[in-house]
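Chain IDs A, B and C follow the sequence of writing; residue 1 opens each chain.
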Amino acid sequence: MNTEVQSFIQKYDLLGCIQCGRCTGGCPVNTRTDLNVRRIVYDALDEDVLEELANLPEIWDCTACHTCAIRCPKGLKPMEVLVGLRNILVESGVIQPTVRDALESAFREGNPWDKPRAMRSDWMEGLEVKMAEPGVRVENLVFVCCTIAYDPRVQAIARNMVKILNKSGVDYGFLSTDESCCASEIFNLGEIGEDGLFEMMVEDNTEFLNDYDVGRIVALSPHCYDALKNQYPDLKAEVIHYTHLLKELLEEEKLTFDKEFPQKIVYHDPCFLGKQNNVYDEPRYVLSQIPGAEQVEFERNRERSLCCEGGGGRMWAETESHGERLAEIRAQDAKDLGATILAVACPFCVLTLDDAIKAKGFEEEMRVADISELLGELID
Amino acid sequence: MKTFVCIKRVPDTSEAEVKVDASGKDVDSSKFSFDINDADNYAVEEAVLIKEAQGGTVQVVCMGPADADVMIRMALAKGGDSALRIDDPRIDARDPLLSAKALAAAIKGQGEEFDLVLTGCMSNDDGNMATGVALAEELGVPHAAMVKKLEVEEGKIKAHRELEGGIIEVVEVVLPAVVTIQTGINEPRYAPIRGIRQAQKKELKVLKIEDLGLGEDEVSAAASLVEMQGFYIPEVVSTAEIIEGEPEEKGEIMAEKLVKGGLL
Amino acid sequence: MGDILVLAEHRQGELREVSQEMLTKAAELAAELGGSTTAVLLGSGVDSFAETLAGYSDKVLYIDDPLFADYNSEKYQKVLVELINQYKPELLMIGHTTQGVDLAPALAVEMKMPFVADVFDVQVADGKLQPVRQYYQGKVNANFAFKGEAPYLITFREASLEAAEPSKEGQIEKIDSPLKEDIEYRRFVEYLEAEVGDVDITQSEILIAVGRGVKEDKNMAMIEELAEAINADLCGSRAATDAGWLPHDRQVGTSGKTVKPKLYIAIGISGAFQHIAGIKGSKTIVAINRDPDAPIFTVADFAIVDDLFKVVPKMAEKLKELRG
């Protein structure tokens, strides 16, 4: 076990919990797994039981959506207790091989996808991309994200952003293969601590990014946005999500559309953008500027958005959840609204919702599109 | 149990495009990602499991450049006690017999008697499946190759060799011995970064030919009894019918061919 | 010169085909070198093997002695040292098999023989042997030359060529074992049969095989849908079974099973030779892989060079539709 300076109880302020149950009550995965975070917080008061708790398979069902933290009347973060338990397993070295491989890959190649760092910019092929250089002023330094860089389905987000940025004439720069994982998911997988991989990556990334003279960093993924904004205390630059930038471009008329887009669009609030960082209006504004499109809302929207189950290490950890995936429920909701476009602003949401649409067989009626993809289509 | 485990740093070429470089005798490795050879990773885990069960020490031996230190530290973090890295470009590492000679010299140079030497049965890049068994001969000890399960007893081991068709051949070998390890023998653990940092304190000695007590004429390319004349990319001669179209179309076309062609 | 010795391989009462394959290759080489071929056989109660081998080589030298009832690399090594010293061949061929790799490198070190492993072809240029092997799991070929004096040693890849029909009438000579005493420091204990699960894939008619390209266990669901659509059994490469997606008895390849279905669909499998060797008996091979250079395409009848995650679901859907 760890010889941490603080005990587990102190670290996560477990004694502050009043067992009200609002956490589990709001937990989106609670309906389909055995995960009961309130119960775990209580059980964790007994240090002797920690190892047993760490071996519960359901602790890997948590998506880090933070609903529990938002709802907690005592301002506690129950999901961090789960991360702490994951950390106990990580320290022991005995973790699921897929999680192991993701962590090793993040350490070795700067991405959790077991891809060579040297291929991180391959998505740029065929595009005119302006590259940023350390020390040379750039207004908008774009932080791509490992998943967007390597996964063919969401490379489209980066490719479309390049199109949009070039069209708008705004000053921007991309990082080359030196860009490394923001470590958001490394945190969630539990590789944390005084000498954790997460802390090491934050330190290295901070040093790397601080070498750039930037107006602000524009993150394409809400996960990177959240991490860079909230978990990088020494990062000099301001951090925004790309929807912030798009709103500006549209307001300043640096971006205009001449095509009509007669689609019914429903926007799904990504947890890391909405719930966790209160960015609800900017994406909606951007979508509202699409000529000819009708915007509808989910009943569970904004802070009540239904987590797609992509985050919290879920891309790598096997879980024992049962029943219908939340993403599939979301796909059904979208269909019930008659939406033809399920719009998102997060690569994990794209991937999980895409799978859900396929699983439900709705491909004829609707598609999932990242906001960047929609705008990219419009300016073609 | 005094165990040595020999590991190699290899590129992951499963997805990478492999191109022959200008010299014609090597490949362009600039875009490769490198890591510990798969089978060697299993060997490290096996060595650590043996140490956890029987007590003793595990010394890690690696022939490679400074870039290999990271993976050596990982092996130390998992349970290795100290490491030796042979770093000498004069050694013709592509010849498995010369690699074995150098590794044997490093092990013998440690002075102590050893009980067991583990190494992966095959490297992902060269694929000779020769270094481990050659190493046994250099060390003058018996061996067992392609071991899928290892039982350590007093003064001997029972090695389960995995043969063609999945049959297992159980052999008993007296220690000291060399065992080459097959993938899948165990599930390698994760080495947390904290452990890797702590492993910085463990000894990692870097050795040159002279430190091995060898002469350059014993391990350089001139000493090799074979000469590689050149790499070339084999023509992928395929007589396959290539299915065309969009990815989803290809799936449908293939389905039709299977049904209509009576192939099911 | 130009004489070639070939170590025959056998196990559990059967002569292994690699023996005849090597002898076929040896015959070709010997003809070019102006030498002869000799099969070397060590065993106990192996008269019939000697007869069989005589159909493939000019000469058969065999030892029939209880000491060789089971394979033991240390014993084989001792005998081969004697035979090499006595018969001074130009080349000794040993199979690149679990037996061969357990033996050849040690022999090469002891006898200081020029040695090339996992050779799949041997050319002859100006009367000199040029073994050919591969690097990077089949992505690159390399030609070799032997420096220094014979005897040379190679381990020869299984299924690199088809054995010829037996056409020779080799002279059979039974010799005494130069090894007189048993070896204590390595001894054979027993064979354990491969695990047999619920399905014996060696008997399956339709197989779907998965490899590294499938990426993770959760993707197996998509594969299972396809299997269901056509009543296929599932199997996989070593990567798939090591990762635990399938039990070990479903592994296809040199260290797994050899299969001969009427249809073999390889999904996300690169086709390293160890795998291909296990599927050559398949009637129709369909390969789906993103990498156009994947060696699997050299043995496929149908090639789909694309993203399996896009191809497979549609294929399954269409098959379900067509089959009703």
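Everything that follows uses one rule, which is that a residue touches a chain if its C-beta (ideal position, glycine included) is under 8 Å from a C-beta of that chain, and two chains touch if they have at least 3 such contacts.
For clarity, every value in this text was computed on a predicted model and none was experimentally measured.
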If you average the Cα atoms of each chain, whose average lands nearest the overall Cα average?
B
Could you tell me which pair, B-C or A-C, is linked by more C-beta pairs in contact?
B-C
Centre-to-centre distance between chain B and chain A (centres being mean Cα positions), rounded to whole Å
37
Take the average of all CA coordinates in chain A, do the same for chain C, and state the distance between these two points in whole angstrom.
47
Whole-Å distance, chain B centre to chain C centre, using C-alpha means?
20
So chain C residues touching two or more other chains come to 307, 313
Of all residues in chain B, the ones touching two or more other chains
15
Of all residues in chain A, which are in touch with two or more distinct other chains?
97
Residues of chain A that touch chain B when the two form their complex:
90-95, 97, 99-100, 103-104, 107-109, 115-119, 191, 193-197, 200
Any idea which chain C residues touch chain A in the complex?
216-218, 243-244, 307, 313
Which bits of chain A are touching chain C when the two form their complex?
97-98, 152, 318, 358
For the chain B and chain C complex, residues of the former touching the latter
11, 13-15, 17-18, 20, 27, 96-97, 100, 121, 124-134, 136-138, 142-146, 158, 160-174, 182-184, 224-234, 236-243, 247-252, 254-259, 263-264
Residue set of chain C touching chain B in the complex reads 11-12, 16, 71-74, 96-99, 101-106, 108-110, 112-118, 130, 134-148, 155, 184-195, 206, 212, 230, 238, 241-242, 248-249, 251, 254-258, 262-263, 270, 284, 286-287, 291-293, 295, 297-298, 300-307, 310-319, 322-323
